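Starting off with a structure, shown below.
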Amino acid sequence: MTANGGGPRTVSTSETGRSEPETGVETEEAPLDGPDVSETILESRDLDVYYGDDQALQGISMEIPEQQVTALIGPSGCGKSTFLRSINRMNDLIDVARVEGDLYFRGKNVYDEDVDPVALRRKIGMVFQKPNPFPKSIFDNVAYGLRVQGKDDGDVEEKVRTALERAALLDEVEDQLDSSGLDLSGGQQQRLCIARAIATDPEVILMDEPASALDPVATSKIEDLVEELAEEYTVVIVTHNMQQAARISDKTAVFLTGGELVEFDDTNKIFENPEHDRVEDYITGKFG
Amino acid sequence: MTANGGGPRTVSTSETGRSEPETGVETEEAPLDGPDVSETILESRDLDVYYGDDQALQGISMEIPEQQVTALIGPSGCGKSTFLRSINRMNDLIDVARVEGDLYFRGKNVYDEDVDPVALRRKIGMVFQKPNPFPKSIFDNVAYGLRVQGKDDGDVEEKVRTALERAALLDEVEDQLDSSGLDLSGGQQQRLCIARAIATDPEVILMDEPASALDPVATSKIEDLVEELAEEYTVVIVTHNMQQAARISDKTAVFLTGGELVEFDDTNKIFENPEHDRVEDYITGKFG
Amino acid sequence: MSTETSEFEFDESAVKRKRQLGRVFLGLCFAATMVGIVALVALLVDVIVEAWGWLTWEFLTYPPSQIVEHYDPSNYGDLPTGPGGMYPMIVGSIYLITLTAIFTLFLGVGAAIYLEEYAGDTFLTRFIEANISNLAGVPSIVYGLLGLAVFVRALQTGQSLIAGSLTLTLLILPIVIVQSQESLRAVPDSMRQASYGAGATKWQTIRNVVLPEAVPGIMTGIILSLSRAIGETAPILMVGAATTLFAPPDLTDPTGPFGAMPMQIFEWAKLPEDDFQHVAAAGIVVLLTVLLLMNAVAIYIRNRYDPRG
Amino acid sequence: MSTEPLDLSRNGNDVGTLGDKVARYVFFACAFVTVATTLAIIVVLVDGAMDFFSYVSLTEYFTGTNWSPRAADNPSFGVLPLVWGTLMITVGSALIAIPVGTLTAIYLSEYADPRVRKVVKPTLEILAGIPTIVYGFFALSFITPILQSLGRHVEFLPVPGTFNAAAGAIVVGVMIIPMVSSISEDAMSAVPDSLRNAAYGLGATKFEVSTQVVLPASLSGIMAAYILAISRAIGETMAVTLAAGALPQITNDPFEEIQTMTAYMVEIGTGDASVGSIGYQSLFAIGLTLFVMTFLMNVFSMWIRSRYREEYQ
Amino acid sequence: ITRGEDSGLEGRITIDGSNTLLPNSALVAELFMWENNQVDIPVSGSGTGAGFQQFCRGETELQNASRAISDDEREQCEENNVDWLELEVVLDGLAVMKHPQNDWCDCLTVDQLNRMWERGSDVETWADLDDDNDGWPDEPISFYGRDAASGTYDYFTEQINGAVGNIRNDYSGSPDTNNIIRGVRGNQYAVGFGGAGYYYENEDDVDLIAIDNGDGCVIPTPETIEAQEYQPLSRPMFLYVRLDELERPEFREFMRFYLENTQETARDVGFYAVPDETIEDQREKLEDAIERYT
């Protein structure tokens, strides 16, 4: 982790994230009140996202704690990916996308004028649904982030190996660092993408259904990895798979169709005793 | 029906069609023994079909009775379409397809050297899964078969109307015979294709899941039509839909994965009291 | 939260430098794009300016002359003969293209039908296709040499309309075949199945179902290829297009001498007298106009009949 | 089975229309015309060249530095000056078209609004559809005068003559820009967005995404575009005939007059050299040389493209 | 659209040969076709040598020639039973041309010309030619001329360098005199030779160099040429007629028309008219032949 000022603070998140953003009161001062185990690293306030005239997210307010795994679940099209992409401003790349409201990263609104999305993305890494290694060697794939971020001055080789190690891939590819990343299996490719994302030592890692294209064995490897990563990084993960969310996350946010955040709480709470009937229906498979 | 020699004979089909073609004995003389209500019009003996090195049908032997509806059911990929296409030699059009064994149509092996597949297809019409009218007028669609078969000497208009009538489409399109066949709804298009197939007065009509691309209303119209057609034609129909097979067919052949014909019998028998457990499992939805 | 001292600092200086580099790069890319556009505009403006005042109705309807004054509209009144123009060459080009169109239509579509509908995936087929793609890259002057040796000399057609159009046919045949193949491939297989299922023979299927569907695409391809052929100079130069034609070539006697617009333009452009530059430019404007019309027709057909819009 | 066996034969059912029997052969003949064309090209060129090489040794042809085949006494047959001229045009036009075309492709694929791309791409493709004779005219009436006035006003530039390699290379370069830009743009557009997103997600700028991710990923397609364009430049005829001149010489100065292989062929072609003369035969030797050069380029580009297809499904 | 008048004559007459004489024959043909629009007269300019090869194989009916037929060509014609008639139709001077901004060299002696054009010449720059040390620039000369297939080449090399084909091999030899004009006008230090007719078509673009054959500097003008003063580069040019074609009425008419008009057309395209007496002689030769062949 890069240095970051401020002593440890305890922040309540258990009461935020209702789907009534118009009240907005709890979140306004939220970062400072209530005791909790972990500090808030990301906070969205009344976040609306539009694609052209269609609204994909409606007043999302939530606080994501540091060094924990936060899962975003919900039926297809409810805006999970959209929310994820608005955290590191990947939505900027979509012409028709428009974001309103605020999103704070360590207290800085990432939608402020003076924030360069490129600089932001260097702090917040991302892993995508379909593994997308570059058509380069395994080594160059991992080193790519270091190079573009100008972090290739020190021992690149060392950094690459560490990242592959952390991504639980090093053993499998140790002798073939020069062969193409495209020659790996799907699960290995996804771990390569994770290694690439963590090589530059970001603070947050966003993952958009990172295991949905993989077979069960590869999936469980990725799940193990996500849990380990949370020891050092903040992980926000989108998943379609309820069991997966239950297994690996500390917090769970449930989005429902229409782009609302219906409930956000500790994962245990959500899966055992959700407050909203709609959430219960969704989790027990009644729809979605 | 075009003239065909031979007095009425009764043929047993209830014992044929086991998946042990190597015995081969029953079928060898089958057409002549046992009493039954209907004459056999199509008979396959030890039919194997290969696509390149893959075997899609394994020693299929069965007898299809005249002027009845025979349904072919089975899970996806079990070779139903392949069997259907080998009846009118549409498999000839697939480069890699290779047929071994015999298939008799009114006692003539259609795989004999002197059989011209085009002549065969003029006796055995075909309706496909996806409605495929030509981008021509409704009239020309139906008249197409007449024209290519040189049967357009008489009163084409009369023949076209009769075919549309029999296909239960005439009422709906009577005033727009000149408009494009593509402008019809899916269900109408499929009935147009049926009209096109019966306009030339074939003896057998092969249908490969003719209703699978249609909505329930259109499907039931097609089903009614199939039952009516059986008064004049022999119909062989492939379907995924067990209920459909039960509703409209007289005989049912169950193919299972691997390209075997596991059971062939009266439809009632198959659905109420199949001999094989695998067939029962399939029909009750345990797999496939 | 905004009052928080731990506000996150973005390390922006490195990014800024890169952004500047990016802007320079974008400027370069944009400038490069403009190079092509500017060149096109310069070319068209240059040609039109040079042709201005020289492109008259007479220019389109009179035969060429040796004397440059004959082309100058200000002299039209007091010429012993008629004004100079390029009428025989315009007609010659049209005839040339007409014959070429007929030949390519049969050969190109025939070959495409063979490759798409009849040929299996055999070595011969692959060889023919590789050969076609190689032929598409053979320089046009080599086709000219072929035409000279085979048609003009060996087959004794002489330096004639038929030699010219056969040469152009071979030149554009590869493109026409490839484009016709694409059009045939776009006809859904279900149409063929329907036809075979109705008891049609292969030829009936092709003639009644496949070809009618593919015709708009094929026509578009042929017209675009012809618009390339009409501007080709090197091949017809090698087979000996004439530049002193008084009367247009005779379509009923395709073994006679022929002229064509690009050849005449080449002839004029070679002449050093300044005024011939204007004559050449006027010829170019005529050629480009014909070309533009052909392209417009092709685009019209494509938009009109392409089911994909 | 039945007493009267069913007749399903061709004749018994009047299936055998003449068309169906003949069609296959007719269509095969059409397809075979292309093979015959290649054969004819090879036979014609090799046959003519054999006559030529019975006068001229291969060594002299390929190593001689003087090309004056029609000098009345003591002609010389070194093809190198013509090859050199062709190379000057090819290299010169590639130096223009490759950077300009590649940057244009990047602009269109990565930066331009889709509406802009939809207009600009076909507009540029017009350049490739303009007859080459028009480029020759453009060189003489526009490019060369500009080069000459530059030469007069800029100290270190020479004043080129009416015919010079530079003007030829410039117009050929402009002509092949769209081949480079269109095909490269197709290749770049085929790079999946997921790769771009991966790079953006790592904090890359658009510049880095374009140059470090998209460009390398589409490299084989871009290479194929280059080869195609270069092959076209080698065979380009009318523009260089008008613009670059008729003086076969080996020179490094782009403002000198040169002669390309194709321009030499036009020279003999317009002169209609008499059959059997060495001039006429030299036409085939040069034609064969040209054919082999472009053939190798075409094979190379096919090879690159077939590799490229494998890379992204 | 048909232009011109239909006189009742029809047919085709093909003319090839000298590129130099081409404009004259083409202009005569053009005028003739305006009056006889059913007669088709394509004119090509392959060069005298190449043209004779076709003419003597019987492929063309008229041959433009910028020199008289050679012995070889006579033999060839004989072999193929091509009987011909030679008509002298125009006078021409072979001009040596320079760039208009070349203000140092107005006149060259035949010796200087020989030195600069002969095979293996060591003249590379204007200074190399500067016998009187007038400060001619030390700039390389670009040489332009006709190619070996032409009569112009044969004539020039023979007259200046003493033997047909004796010429430096680094000159730009073009089949088209227009190229020579373009070449010379594009380069201040260029020099080229070609038909004087082309010079008079392009007086603004290039200048003439006078030639000193021992009797002072002379430039090719109608007077100097018709008075035989422009030496050694003035010459008559010929039309060769295939005699058996004279049985065709349109061919006869065209030949008569040619002789009637050539003096005027010659001047129109920058040649010099042959004297009236010569034309009269030609006309008689033609009428004799016509009588023999009809």
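Observations, loosely collected:
To keep things simple, chains are lettered A, B, C, D and E as they appear, and every chain counts its residues starting from 1.
Rule of thumb we're sticking to: contacts are C-beta pairs under 8 Å (C-beta built on N, C-alpha and C of every residue); 3 or more make two chains touch, one makes a residue touch a chain.
The model shown is predicted, which means the values in this text are computed figures rather than measured ones.
The set of chains in contact with chain C as well as chain E comprises D. Listed by label, the chains that touch chain B and also chain D are C.
Of all chain pairs in this entry, the one linked by the most C-beta contacts is C-D. Chain centres were defined as the mean of their Cα atoms; on that basis the chain farthest from chain C turns out to be A. Remark: rotation between chain A and chain B after Cα superposition is 175° (nearest 5).
A straight line joining the Cα centres of chain B and chain E is 86 Å long.
Each chain gets a centre from the mean of its Cα atoms; for chain D and chain E, those two points are 38 Å apart.
Averaged C-alpha coordinates put the centre of chain A at 87 Å from the centre of chain E.
Between chain C and chain D the centroid-to-centroid distance comes to 15 Å (mean Cα coordinates, whole Å).
In chain D, the residues touching two or more other chains are 15, 205, 208, 270, 272.
Taken residue by residue, chain E touches two or more other chains at 44, 176, 179, 182, 185, whereas all remaining positions touch fewer. Looking at chain A, residues 118-120, 122, 149 sit in touch with two or more other chains.
A complete list of chain pairs in contact reads A-C, A-D, B-C, B-D, C-D, C-E, D-E. Partner chain A is touched in their complex by these residues of chain D: 192, 194-205, 208, 212-213, 216-217, 311.
Listing the residues of chain E that touch chain C in their complex gives 1-4, 12, 14, 23, 26-27, 29-31, 33-34, 37, 40-44, 176, 178-179, 181-182, 185, 198, 201-202, 204-205, 268-269. Only residues 88, 90, 93, 118-122, 125-128, 130, 132-136, 144-145, 148-149, 193, 196-197, 200, 206 of chain A touch chain D when the two sit together in their complex.
Of all the residues in chain D, the ones that touch chain C in their complex are 15, 17, 19-20, 23-24, 26-35, 37-38, 40-41, 44-45, 48, 99-104, 106-108, 111-112, 120, 123-124, 126-127, 129-138, 140-142, 174, 177-178, 181, 205-208, 210-211, 228, 231-232, 234-238, 242, 262, 265-266, 269-270, 272, 275, 283-284, 287, 290-291, 294-295, 297-299, 301-302.
Chain C contributes residues 61-63, 65-67, 80-82, 87, 240, 242, 244-247, 256-257, 270-274 to its touches with chain E in the complex.
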